[in-house]
Amino acid sequence: MSELLQFLFSGLTVGAVYALVALGFTIIYNASDVVNFAQGEFVMLGGMITWFAHAAGLPLPLAALIAIVATAALGVAINKLAIEPARGAPVVSLIIITIGASVFLQGAAQLVFDKQIHSFPAFSGDTPLRIGGATIQPQSLWVIGGALVVFAGLWLFFTRTLLGRAVLATSNNRLAAQLVGINTNFVMTLSFALSAGIGALAGVLATPITLTAYNVGIGFALKGFAGAMLGGMGNPKGALAGGFLIGLIEALTAGYLSSTYKEAAAFVVILLVLFFMPQGLFGRKSTERV
Amino acid sequence: MPRLTAKSATLLVLAALIAVTPFFFPSGYYYRVGALIFVNGLAVTGIVILTGYAGQISLGHAGFAGIGGYACALAPTHLGLHPSLAVVLGAAISGVLAYLVGRPILRLKGYYLAVATLGFGILVSMVLNNERQLTGGPDGIAVPELGLRGLLKDWGLDLTNGQFWYFFCGIALLIGAWIALNLHQSPSGRALRALHGSEIAAGTVGIDVARVKLQAFVISAVYASVAGSLVALQNKFITPDVAGFMHSIEMVTMAVLGGAGSVLGAIFGAGILTLLPQALTVFAEYEQLVLGLVMMLVMIFLREGLLPSVLRKLRGRGE
Amino acid sequence: MTLLSVEGLGISFGGIKAVHDVSFKVEPGEIVSVIGPNGAGKTTLFNMISGVYRPGLGRVVLEGEDVTGMAPFRLAQRGMSRTFQNLQIFQNMTVLENAISGFHLQEKGPVLADLLHLPSSRRRARAADAGARALLARVGLERAADREAGNLSYGSLKRLEIARALAMKPKVLLLDEPAAGCNAVETEEIDHLIAEVAASGTAILLVEHDMKMVMRISSHIVVLDHGEKIAEGSPAEVSRNPAVIAAYLGTEEGADADG
């Protein structure tokens, strides 16, 4: 029983990171219909920049803040320089562009930082908490809490603020949003900043547990995307639930089946979801108009 | 004068390039680079059929290259097959696997298809990395000698190892290009290009979209598999990297860089992207940076790819 | 046996009944027009008959076989073809190749023969090529054969789409606004073409806004309003029908907001 609880704890922890990445995917997807394969690199940058700034002597909170702001700025730059100019291009082109951005960011991280694995101290120490015979790192609570707080914040933003509603309106119909006077370019900028910032936050929170290196991004991107798809592409609730589910599936596979193939579990699940319910758990069917 | 068809023109240009470039090689090393370009060109020709003709993306085709490569490593030792038959066996396994995986996967479109194929590729590379007893794990495994070079020597044709693989892969590429060009103008190829243009309209003229997509997927998987086999046989060694995510991305990038719609363009793209790291060896750490930049720039500014865009420019000036 | 019979067809999108309980029959060589104000559900009806949407209710019967919700390519094999309101042309091909695609069912063969360029493959392709050129001549596009389809004018694309649909010698041809966006001359050409095709025995199901054309060529008219059939009959009967007049008058002010 305590063994199961232990697996659940670790599943919730990585699941929270995947959920944050999935939320990042969702924000950009809703605003622009683009699936940003560079999403995982934001997580990597969050971790790497924080480590770099912290190692340079800055206090951890300041280093983390710099990492989040810098990554958000990079997200905006990617939109302006690579995605906006390709508006209206076929999906295949957009996939290659965002993967190109991802490869580029990895290459840049190798040069600016290095190829080593890094970490920084956990926020509230390393003394594990004992719950029901299992243990959990205090940092895990930070990660899980972070995912929930971000989700709640996004929910408030999208339902309670004018700006948030403008983003939603743009995602429903870009042209109509323009016609009622919404600055859709600003909405896009905001979406990329928000999405990249959330990714970086995930990296900041997770790095003391998962560690970071220039090449960790693609794994996060795939799992996050799997979570977003599982929950139903474009649905924030689905992204949250899907991310946690992927984390749990992975942890349970590692615990009970095979730790070498825990990564495979996420993909098998996602392939099954795609075949049997492509609209995901919370998604809606769409009809193609001709 | 009878007009040269696009097909014969492409094949002539390719054959001429393969035959003539060795005269300009400063050293034997360049045969190796040439052979690598041809093998990559072969794999990318498969991507042309899948992406350029049929408009479907795959981010997992390196998985098939891996199967082709490891077939050449494993079948001779475990099944006692001659390496040349191992190539055929690998292609058959890849084809069957592509059929089984493709049936459900190809119902998906765009991003979903991209992620599903990516997932498939990662599963293959995971198996190759983890099944150490069989595959040797991340360190790789030795591949037996093909033996054809010795045979040719007995017949009086004495080639260095580099020369042999250069011409052998060159001929394989020519055959691959010939087949892809045949397909382009054939009824089956037209059906592929039709579904690329409009799946809905393709259905109304009676094209079984799911079926022809699957054909393209299987054919392109066989191309990747044969290319993987040739790499393994040439190097007499193989590691799971051949099936890795980056290799899948490279294949797609080569295709779109040169122009996924045209066989010659895509082979051209394979050439550039194969030469790039050779030219950048001094700056090895810039390789990823440059690759990413190339991917973005080509897709933003030269959406049809390098070769078709340049040809269009030239033609525009001629008129 | 009736060629095409639509029986109580209906579909809802998000709780709204887009089409409800529509029935009619089409016989060989007939030109049956579906008319109605904008948003009456004409295209949705077409999409259900041609297998693009799966109907929520009712049946589509083609030559006695229930083909409800069958995939478009299977319907094509059974002799149903269509064109689209917003053109579905293969933009990545030449005009000739678009027309050849219409011969897919006749020219398709083993993929291996195509890969190896075997004589059988060449024979199939040659036959389709000849057929396509003849069809292009019939719709007046023979001189554009080698142009990229994307570069044609709207009216030419409309005719190309009809040519492609005719290539498969359909028993039933669904035409969704074939004359929309065409000038008077082009409309008349299309008008003649439709009459000619019908005279050769192909049944035509037509959605069209050009009332003059509809009244001139239809053997039979079905009138939809708000997704329901409100009248059916010969052009003369329909034009006298009070319900039809009311439906059209009721939307008079929106009549030029064509869609």
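Side notes on the structure shown:
Each chain gets a letter, A, B and C, in the order it is written, and its residues are counted from 1.
Here, a contact is a pair of C-beta atoms (placed from the backbone, for glycine too) under 8 Å apart; a residue touches a chain by one contact, two chains touch by 3 or more.
On a predicted model such as this, the values are computed, not experimentally measured, just so you know.
Chain centres here are means of the Cα atoms, and by that rule the chain farthest away from chain C is A. Ranked by how close its mean Cα position lies to the mean of all protein Cα atoms, the top chain is B. If you average the Cα atoms of chain B and of chain C, the two centres end up 41 Å apart. Centre-to-centre separation of chain A and chain C, using mean CA positions: 46 Å. The distance from the centre of chain A to the centre of chain B, with each centre set as the mean of the Cα atoms, comes to 33 Å.
For chain B, residues touching at least two other chains, in rising order: 200.
Listed for chain C are residues 52, 84, 88, each touching two or more other chains. Chain A has residues 288, 290 in contact with two or more other chains. The part of chain B that touches chain C in the complex is made up of residues 179, 182-183, 185-191, 193-194, 196-198, 200-209, 215, 219, 261. Listed in rising order, the residues of chain B touching chain A in the complex are 51, 55, 57, 59, 104-105, 107-112, 114-116, 118-120, 122-123, 126, 130, 200, 245-246, 249, 252-253, 256, 285-296, 299-300, 303. Listing the residues of chain C that touch chain B in their complex gives 50-52, 71-73, 75-77, 81-82, 84, 88-93, 97, 100-102, 104-105, 107-109, 111, 114-117, 121, 124-125, 128, 164-165, 167-168. Note for the complex: chain A touches chain B at residues 35, 82, 85-86, 89-97, 99-108, 110-111, 218, 222, 225-226, 229, 233, 260-261, 263-264, 267-268, 270-271, 274-275, 278, 288, 290.
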